[in-house]
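Next come two complexes built around chain A: one with chain B, the other with chain C.
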Partner chain A sequence: MSTQNTLTGLLERDWSYRETLVGGAVGIFVTIAVLGLLLPESLWADLFGIITERSTLSSALRLSVPIVFAALGGIFAEKVGVINIGLEGLLIVSAFVAILVPAILGPTETTLFIPNLWVGFAAGILASVLFSGLFAVVCIRYKADQIIAGLAVWLIALGLAPFAATVYYGGVNTENLGTSLPTWTIPVLSEIPLFGAFFSATPAVYAMLLAVPASWFVLNRTSFGNHVRASGENPRALDTVGVNVSRVRYASVLLSGFLTGIGGAALSLGLGQFIGNNQTMVNGKGFIAIVAYLFGNYNPIGAFGASFLFAGLEAVQIRLQQVPGYAIPDSLIQTIPYVTVIVVLALVGRTRIPEAAGEHYESGDD
Partner chain B sequence: MSAGTDARRTVESLLRRLVALSGVERLLISLAALVLAILVGAGIILTSGRVATCTQAAAVYFGLGFCYDPLEVYFVLFNGAFGQPFNPGIMAGNLVNPTWSPFTGPLTFTGPLLTTALFTAGWNPLNFSVALTLKETTLLIFTGLSVAVAFRAGLFNIGTQGQLVVGGLVTALVVGSLVPVLPGGLAGALLLVPVGVLSGAVAGGLYAAIPGALKAYADANEVITTIMLNFIAAQLAFVAVSEFFRNPESQVVETAPLPGYATLSSVVFPQGSDFSLFALAFALVLVGVIWFFLERTSYGYDLRTSGIQPEAAEYGGVDAKRTVVTSMMFSGALGGIGGAVWVLMVMGKWQTGVPALGFDGITVSILAGNNPLGTIPAALLFGTLKSGSLAVQFETGVPKQLVGVLRGLIILFVAMPEFFRAIGTNVVDLDADDSKAVATDGGVTGGDDE
Partner chain C sequence: MDRRKFLKATGVAGIAGLAGCSGGPTESGSTATEESAESTSESTEAETTQESTASADSEVNVGMVYALGGLGDKSFNDAAKRGIERAESELNVSYNEGQPSAAEEFPTFQRRFAQSQNPDYDLVCCIGFAQKSALQETSKNFPDQKFMLVDEQIERDNVASYVFKEEQGSFLVGHLAGLLTNQQFEAGAGSTSGDSKKVGFVGGFEVPLIQKFQAGFTAGVEHADENIEVTSAFAGSFSDSAQGKEIATSMYEDGADIVYHAAGGTGLGVFQAAQEQGKFAIGVDSDQSQTDPNYADVILASMVKRVETAVYTSVENVAEDSYNGGELTTLGLEQDGVACVYGQELGSEIPEDVKSSVAESRQAIIDGDISVPTEPQ
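Take a look at the complex of A and B:
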């Protein structure tokens, strides 16, 4: 009976889910650490070694970039009342354009004194902003169903990027640019063991570490942030105080495209190539981002934590494939992040989404 | 003057009455979306034709040369899908004889009206290309139905793809393991094919029960879970086949081929076209059965009401949670049948790299207004696009991924009926009454979780 009560109590409290999950993650880490230290030469020791390796941390940071930026973009869209399920599509478009533009301009040359790599970065972001603008018009002006329009954005990008790649390159993958995002190393700080990974990373990682607190600040401490949240919770009230709800929604959805575009451009430029077969190189990161911000309860910092967890799993998974001696097929290990997403979603499913998300707002004026 | 005004008024009232009918409105919106997608697609073809490199321009518009000609692309698309019923020559040069004149009298016509024959002589409707088109159509009817059933229950099943992968694999394994113990020939076929289809349906249904149960009991958004399960299905099926069920004689990750009698063989159509009229007939019967089930049975009624009005359904004594799970399983079973037919009719084995039939099913269902009967023309249209795209790539050099772009555009435009209403109101002043998105008026959207 008391177990039943505890269970119901747990079920009714939203935060306890997250606490349980975070506690679970910490618990698993501690278990691995203890087992790894007690049983050297075992799988646990290898796992512990991988987790505490500097290269794993730096690859987890790199892998977080697209997920974190897409999650931040998703927060701005959903907070304002437009559910942007097309984040995956925005990532695909920006990743592709960020490679295509430097390839056309010449990857190692400069345009107006700016290296073409960065021109490509900007072009990728611009493509994502344009796509989210289209999505915004369709959802806000023409009142389309947001979920279907978001799916359409994803499917259009999923078709358009391989199509354009085939037109230009003759295959769904682009050629490698031969150059990729540089690594900026901060002297002294980058020498710190393990955590030095934070100070020897690509500019995209630094941008991510800045964008997370900045997004939190904009959302919670500025008048624009207030308007965004009001537009998602109670658009009528916002309208009453004389703020144009549609304008706030457009701005926030475009911002969502901007942020997601950074993530997509960083993804492909980090490698110097766009891979377009099957689900493209984005491979579900946009959807993982949605789960990340739901897990983080629409808080940019929480979303960062969740994204970092997913990316960390991916990094460990990639490293695990290189460890010889385990007969676990790679494809099976690759499902770990997706399974985790489902488990997390099942546990935090009862997120309270913004009151007016998914609804159209009709101003009384016209 | 007054006659003209009268005519205009009649047309207006006719249009208004037409549009008031939601079914007709849906059809109009689907058609308008299709036309708009084709136009935007033409724009994309033209633009990419400027980027692509070619030795000779295929078309010149606005004084600019383009590598691809949209008119030719769409002509080849249609003509290729049906094995060239039209004479390909009609796209080259002037079709109409410029010196022909009706006023010089029938005896002095200077040559025939048309310079080339419109139709290809000796065109046989039972050709290879038609079989290819119908093959795609058949598979798309199953996946389209799968998505449509879920939609009517207010659920977005993006996971038809994964259910199809799992269903197809189980079909291949079950039939493959039964082949040695059952007799061959017709008797074997009569046993193996139904068992194969049934096992595909069960597997697909069970796989879809996961997102169904997560939705019903943990409130997990089914859009995300089904997309994740698509990734998982592809990986798991790959591991299962490569580790346990791999055909050792093949370089590709695939199961051992099934004997010919255990698969759906082609009838009437050329051998090797991977299309069986039996499968198409089965698909059509299934459409009828599902339409009847949804519209005429009490369970179908419960399913639809829990989609449109969950509270009302609950009040009426329907267990909403259980309905979510069963309708998801029902939808998944149809996806699984799609996989079974893919294995039994097309491949004769399960092979990695399953085509994106499940995603195309979303378009088919949305284009069909989520009406089971509508999936037939929608699947035929999409089957034409898919089969014709091969001819397009071969003859014009436009990548076959064009169909993927059109798929997304069609979904986008069907989702925005307000756009077409706005255009419609500019032409004829219609009373815009409901602003509900057509594609979802089968139910509440899945994303609006409380």
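Take a look at the complex of A and C:
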């Protein structure tokens, strides 16, 4: 009974939270629009122009792909009770392998009638799944500290990918494949002003738009999703009804690797090249993803909203830098996405961590 | 029991992995590396990627500490490597190299080379402005060790500093871009419309060094035509090629015909965007139409910075006992330290009158008739 009440309560609070967020976003947009229309020739007008530009939207969609997939991966891991802060590492590994494999097989040829670009995509995902499998074994079977194991995943990937690139290519950056993910344009629909950007994009963007509702559905409407959530909230209860907690946890962490792998492979194959210097081309996107799913309170739709907000601000930011005539240093403009995300997180953030996240579960019948 | 064993193994592997990330140059006497190298092979492999050709019988031993991009960056570090390779083949020089992966590692690498007795390094080359603060400390602690520094200046008797006049080379590519955007031009995979007067600049970070590129480029474009608009943006990273691609795409979609980048790995995304949009780009540091042949059909030219000249000259000075410690050597257009090199594939298609005006402004800069700003106006 009480569980039922808590659940209803949660749902209700969730709604008001969402309303605040959506209301706030709409409010800001309207403010910019009003100021922009009232004061042409002002910063607001430029901003309004940038926001309503179609290329900004498609740019935001492309930029959000790796973040959204990593955030979905993070949700599945943390919901099941395994905090996966190694998302960044999974992105790096999958981004690198997705380039390496087609480079070895020949980028423009086919293997078993499948273009090697897609073989590379699959290989990138597989690499990420294998890595997350290792992480799962360390965390679930051997009960290692999840934070430390996650950090290890990141650090190993950060060292391993550039190192492997040095072995194969003689430098930390890979060669360019000469080919990259194509743009699929849906006729007619892509003609729509502004929102046509949704219908003329790379396959990765379409995959993202499908993966978000699919993840929500799996998490909230399937028995697997119920097991995942139960394993993160109250693993003993799950065990009591006869479900193997470890198995659910393995499955969900592997799924986390799978989703993150799509993001990483899409990132590097979108360019046909892996850049391995400094923080590699992933450049912190895995950590932004963690913020995004916390921001979205473990809800795939919310995480998508948060990632899209960040990516959208990033797309606006790079255009704002190009507007001549304002004495704002570009370095300051570059911080806009980060500052906004922190401010929003601090003001309206309300995140409820799964009860048993980070805790090991001893079933007692080993 | 087996859990304990496993934890131990992961611990060792983790430490070895960390050592692989943060390891110094290969040198005997580093017990920590040796120990972990025994337990796993990962770190040993990582450490031995550094080429070691240093030996006792060569006359001059040189230690190379590369900039963060690492070897294979197709520009800055690879250029430095060409310099030392040339010195190796022409001057009886041996060298060892270290590739730091984070700024905190610069002192470690510099110190290892400076301390080493076998071989005793005659010169330690520090590539990149980011090494300045580390080298200030190291050069003070090792007054007898000769150093050279590229892209920055340290006034100490055991440091020979080499800087480039990037603004001069950038002026030339800016002039080229300005002339071409004003006319209908089609070559390779790109074309200019002729009616939009717009070009772009993508920088890595908004720091004085990169602003020199920006200032020179802008001045060059204005020299061609005052009415051309130059938009610039900074990616905030030298490795985020996805960001570079988005920035350049937004510039091209906004009507820019030609985008010049000074952004390392981020700039590779600029070329990608140029190909997708059917526009042109200008490379930096090395002749990028040669180092990245897949993009040769959009690279009009590259602002080449001959880091190899700086490295070679400094090694040659040491070999000939004329080491110029404490001095600042400035390499500009006159010394051929920077140059506008036309693309391998597109160079021949650029109209002769454009090339000759670029050559004229080159001469004018050398003669001092044009002065190029080093900061954006």
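Here is the rule we use: the second predicted complex is superposed on the first by the 319 of 366 C-alpha atoms of A that agree within 3 Å, B and C clash if a C-alpha of one lies under 4 Å from a C-alpha of the other, contacts with A are read in each partner's own complex, and residues count from 1 in each chain.
Keep in mind that, in the parts below, a contact is a pair of C-beta atoms (placed from the backbone, for glycine too) under 8 Å apart; a residue touches a chain by one contact, two chains touch by 3 or more.
Note that this is a predicted model, so its numbers are computed, not measured.
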item: Partner chain in contact with A:Tyr169 - chain B first, chain C second, else both or neither; value: second
item: First (chain B), second (chain C), both or neither touched by A:Leu155; value: both
item: Touched partner set for A:Val291, first chain B, second chain C, both or neither; value: first
item: Chain B versus chain C as contact partner of A:Ser59, first or second or both or neither; value: second
item: Chain B versus chain C as contact partner of A:Gly106, first or second or both or neither; value: neither
item: Contacts of A:Gln334 with chain B and chain C, given as first, second, both or neither; value: both
item: Contacts of A:Gln279 with chain B and chain C, given as first, second, both or neither; value: both
item: Which of chain B and chain C A:Ile83 touches, first, second, both or neither; value: first
item: Which of chain B and chain C A:Ile147 touches, first, second, both or neither; value: first
item: Shared chain A contacts, counted only where both chain B and chain C touch the same residue; value: 138, 142-144, 152, 155-156, 158-160, 162-163, 166-167, 172, 279, 283, 329, 331, 334
item: Parts of chain A lying in touch with chain B, wherever the complex brings them together; value: 83, 85, 138, 141-149, 151-160, 162-164, 166-168, 172, 279, 283-284, 287, 290-291, 329, 331-332, 334-335, 338-339, 341-342, 345-347, 349-353, 357-358, 360
item: In the complex with chain A, residue positions of chain C that touch it; value: 3, 6-7, 10, 14, 17-18, 20-21, 45-46, 49, 68-74, 78, 101-102, 200, 205-206, 229, 231-243, 245-247, 249-251, 253-254, 264-266, 268-269, 272, 292, 294-295
item: For the chain B and chain A complex, residues of the former touching the latter; value: 44, 48, 51-52, 156, 158, 214, 218-221, 223-225, 227-229, 231-232, 235-236, 238-239, 242-243, 359, 362-363, 366, 398-399, 401-409, 411-412, 414-416, 418-419, 422, 435, 437, 439-440, 445-450
item: Residues of chain A that touch chain C when the two form their complex; value: 55-56, 59, 62-63, 66, 138, 142-144, 152, 155-156, 158-160, 162-163, 165-167, 169-173, 175-176, 178, 180, 267, 270-273, 275-281, 283, 314-315, 318-319, 321-322, 324, 329-331, 334
